[in-house]
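Encoded as structure tokens, here's the structure I'll be asking about.
A, B, C and D are the chain letters, set down in written order, and residue numbers restart from 1 in every chain.
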Amino acid sequence: MIIVMKESATLAELGKVISTLEERGFSPRPNHGGKSTVIGIMEAKPGDLTGLDELPGVEQISPVNSSFKMVSRDYKSEATTIKAGGVVIGGGEFVVMAGPCGVESEEQLLSTARMVAQNGGRVLRGGAYKPRTSPYSFQGLREEGLKILAQAREETGLPIITEVISPELVPLVARYSDILQVGARNMQNYALLEALGQLRKPVLLKRGLMSTIEEMLLAAEYLMSGGNTQVMLCERGIRTFEKATRNTLDLSAVSVIKRASHLPVIVDPSHAVGHVDYVADMCRASVASGADGIIIETHPRPEEALSDGQQSLTFDAFAELMVSLRPIAAAMGRTMAGG
Amino acid sequence: MIIVMKESATLAELGKVISTLEERGFSPRPNHGGKSTVIGIMEAKPGDLTGLDELPGVEQISPVNSSFKMVSRDYKSEATTIKAGGVVIGGGEFVVMAGPCGVESEEQLLSTARMVAQNGGRVLRGGAYKPRTSPYSFQGLREEGLKILAQAREETGLPIITEVISPELVPLVARYSDILQVGARNMQNYALLEALGQLRKPVLLKRGLMSTIEEMLLAAEYLMSGGNTQVMLCERGIRTFEKATRNTLDLSAVSVIKRASHLPVIVDPSHAVGHVDYVADMCRASVASGADGIIIETHPRPEEALSDGQQSLTFDAFAELMVSLRPIAAAMGRTMAGG
Amino acid sequence: MIIVMKESATLAELGKVISTLEERGFSPRPNHGGKSTVIGIMEAKPGDLTGLDELPGVEQISPVNSSFKMVSRDYKSEATTIKAGGVVIGGGEFVVMAGPCGVESEEQLLSTARMVAQNGGRVLRGGAYKPRTSPYSFQGLREEGLKILAQAREETGLPIITEVISPELVPLVARYSDILQVGARNMQNYALLEALGQLRKPVLLKRGLMSTIEEMLLAAEYLMSGGNTQVMLCERGIRTFEKATRNTLDLSAVSVIKRASHLPVIVDPSHAVGHVDYVADMCRASVASGADGIIIETHPRPEEALSDGQQSLTFDAFAELMVSLRPIAAAMGRTMAGG
Amino acid sequence: MIIVMKESATLAELGKVISTLEERGFSPRPNHGGKSTVIGIMEAKPGDLTGLDELPGVEQISPVNSSFKMVSRDYKSEATTIKAGGVVIGGGEFVVMAGPCGVESEEQLLSTARMVAQNGGRVLRGGAYKPRTSPYSFQGLREEGLKILAQAREETGLPIITEVISPELVPLVARYSDILQVGARNMQNYALLEALGQLRKPVLLKRGLMSTIEEMLLAAEYLMSGGNTQVMLCERGIRTFEKATRNTLDLSAVSVIKRASHLPVIVDPSHAVGHVDYVADMCRASVASGADGIIIETHPRPEEALSDGQQSLTFDAFAELMVSLRPIAAAMGRTMAGG
């Protein structure tokens, strides 16, 4: 259920509503964004809120028409913006996050970071902990990788995003990283989502390979119901019968999520198509789809990358791509850094 | 196998190669487009062409590296352009085809045709024969519908595209229509493909719901191996587990096809997403994906449409969409009519 | 809508109901199978049948709760049995149909037919017209193949099943074959379904690779609404992300169809799994799933087959399989020939 | 790489091979099952084992022909059997595991446990920790549920299987449960797999909704490479376009896994089909597919279940099912308890 307050309601009236709810055993979470203040009451049944609509300042009480609540546009009509370092995601700027799949060495990451910054990239990506399908594959540099990422931020000013793969690692990764990423395979790792819900740092939640949009929104609800409102969603391709691309990029998900939710949407074309030949086309299509940003892979020597080399852009290809994105972003009414 | 002629080869030399091939029982089809003349020999095995590489004017003989041949970029490196009425598809213009799902009445179609023409649409779509999942659904106005389409062309000058659903109907539909459409359910109806291969009119081949990109290219090969070179391909969504949209629009297919084939690619966002809320976003993404055009549904009163009303744009929404497409087309280096 | 007659109704009363319906413009089709006589009225709306429930002998008038009608268990509660030659499909016998993917030669087919008959196979399969993904693949022996099939029936007594790929071929194939098969790629080729609906011979309708169970039942409705009641359905695997098998055999479809429809269900494990290693396991699972029969591929020399050799059983493997099926059929309360 | 020892090799010879490997930095794991002793060396490259083939008792050194190693039939040709309580899984008995989706109360679980035991069920299932798509759904009784499970084992003698959802919970769940289950959503939760790999208790690994068979085998490799050899695999349906059933049961996976791996395979028809109407058919098909057992849901009052009621069998339906399974198991050469 959500309680919508009048625009003219006073803080005292709001306080009364909140204390009444607390007396009834609820933990009310007022949301002040958008056109009005809304209080979401999880798990309330119609009868639980009897009489509340008669308190001064209350506009109406209504059920949320979806299985997800706090992530819904019904709950918060205004688009959420998220700050990481000096970058605002979900606002007027189309944000490009880029970097290697995995952090492999100081030289590799720093050269990439400098190139990304020079060409208008705004956030540096790089995996320190790599969840790998086989136990015998490269598992990442772990804390050493986090340190190299922090060093690259120091030098270039780019905020960093990196993946966290288990609840125990959340405090460590949060200490180094500006945005914590939940990978596709962990989208429904609820222990991890609960740990991240306690955090007060931005989280990028990647869609599972076989997850519906609704399931992704419900996973985001785990984060938000824990109290972390800095959530962004990432479309990264779903598994289908088509094998010409690694996965099938579902760009219509951007359109669907933007109508259903107030959270920012990022697209990851690199993992979706899985081959460098198709990445630039899908980056351009992502801008025009209405996404708030993209996250892509670039590597100084893709052919030597320890993971995902076949989908990583060379530095030249990245620079060329950025040039081609700007006029499309402008056509969509968005700014882009650099250029 | 393909035989590549030298740029300096004379017609006499070409003639000699052709007659030699005919003596060996082949039906050679020289292709003069692109940088060089190429002769595709279907079903030839390496030994069949022994000695041919020694004929004057022959540059080289090589296998085509794919199960499709005439549709391949290897066979013809230059992009194919197709003319329908005064419209060129596959060239520098981004072409919008629009109209109702089914032709329902003269009033409905003519009012739509006028609106489409005024707003920069270039081809008029409308189904006269409707393949329907249930035998009890509206099956189309049939020949009466074709006549109304021709009348709309007469009045507005827009060339028309309409679906043909069986081999027997090919002559009739070809008499009225500028472009013949093969629907998704008929993509592997080989009897139909063979009949259309005999035609010398443009064909738009829609991807089957369950078809891989390779299977679509092989279906196009049926058309081209019959001698019809005026083929364009249409991505219209594939069937996946995700049900928030009717199908999943696979925009990366545009990128994959453009690299693998010389044929123009059109996107049909209306059937892919199946709901009007998401159509405009996916039209914009289609332009930026590198497609040569889109085909979309619009209806004077979508809520009264006999089929697919939920995915048809109102006239106002269509006009608004067209305005938003132009700057993206410009950013992609494409022109668009009107504006 | 369906009109259910009382068990005690007389033929005169039935005649009155039918003539009343005809006066109102309907073409009533009484169905006398099962516990009661039922008249299905296609496309009727509730108001169209006003007053009919007051005619003598009418038990009740009710809507059919599904988009398919004549194929539904609501329309005919008793299981349909189909006779082909001396074989009854859909009754107490578990029926094995077997033979090569394509008819390649007299020797190949006759040796296979003899072996199938000796081991308890009841129907001979073999393709004379092959719908192939590539225009350059073996397309079948065509009428020559039909003649060889007829010859094999002559010699062994096995009724034959073969595929028909276009409406024009229906009369020719019907002249030779006991059961006509609609292939997966033609499941929604409505021109073909309409031609077969006019026939009065058994048809086996294969599920399309991408088709839902409901769509298959609606395709069967095309056949039945044309007047052909001798329809059986075939589960042959659907296209999914899993590539360890050619398709994913959806055995739960047997269970779903058996509850929704009165038509017999056959399983084709050969095309579903696509590899001989897994065929026998899935044949055994098919028996236990409640299917009425299976259709499988066997070839004297699988490694030399012109199509689908990798999924064809050797003669020894076929004989061994048949021995293993009998006790499972018995456990399911079914008989099997031979043994 | 795997090192295969001769059948005639002595323990002293084996010791020498092991110590040589340890000197070179490896942690050799000899496997004595099957026809021969095999030592798997993870991550070894061909050069690392130079000279080892000359040691006495070594038959040959060869690469494992798959990305998974210890789970492979190449590594261990004999089928693995797993003991839980007095029950042997993967041997000559077809094992039925049954119980409610979630433990809801002492009364509910104990009455179910008694009924399962009386009808020949061999393992009691019941979820104490429930991973739920929505944060607002019933999350299980947690440790209280584990205690009730232990009490039911006490009374009935049935070993118990229950799910563990995060690495921290492994010690607690292992204290109560005979078999630990990894749920579909956690199949690629590598932190959890690593924790379970350290355990020396049976683990049932469920296939992810979106996981290929190869990925499931690689997830099992995480468990085995940690040293836990008591692993069984569970097919529980994959996500496809078909929505008549909750998921699509992929019974051919049983056949594929049985050829590729030595581990036991269990089928979960309840979660695959998601509706009680189809569960019994798919249980019977599972027996005939060659699976080693099934795990199914039953509840005293399915309509009141807090989760998955629509797919839970009543007690009567369970008893009836068990009677129908026995002759099929016998036809497959398997025993079943009770009856």
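Basically, a residue touches a chain if its C-beta (ideal position, glycine included) is under 8 Å from a C-beta of that chain, and two chains touch if they have at least 3 such contacts.
Everything quoted here is computed from the prediction, not taken from an experiment.
Taking A-C and C-D together, the pair of chains sharing more C-beta contacts is C-D.
Listed candidates were B-C, B-D or A-C; the one reproducing the A-D interface, defined as more than half of contact pairs identical by residue number, is B-C. In this assembly, the C-alpha centroid of subunit C lies 37 Å from the C-alpha centroid of subunit D. Spacing of subunit A relative to subunit C, judged by their CA centroids, is 50 angstrom. Multi-chain contact residues, meaning those touching two or more other chains, occur in subunit C at positions 210, 239-241, 243. Within the complex formed with subunit B, the residues of subunit A that make contact are 210, 212-214, 238, 240-245, 248-256, 258-259, 272-273, 277-278, 281-282, 284-290, 327-328, 330-332.
Of all the residues in subunit A, the ones that touch subunit C in their complex are 210, 239-241, 243. Within the complex, the subunit A residues that touch subunit D are 42-43, 67-69, 131-136, 165-168, 185-186, 188-191, 208-211, 215, 218, 221-222, 225, 239.
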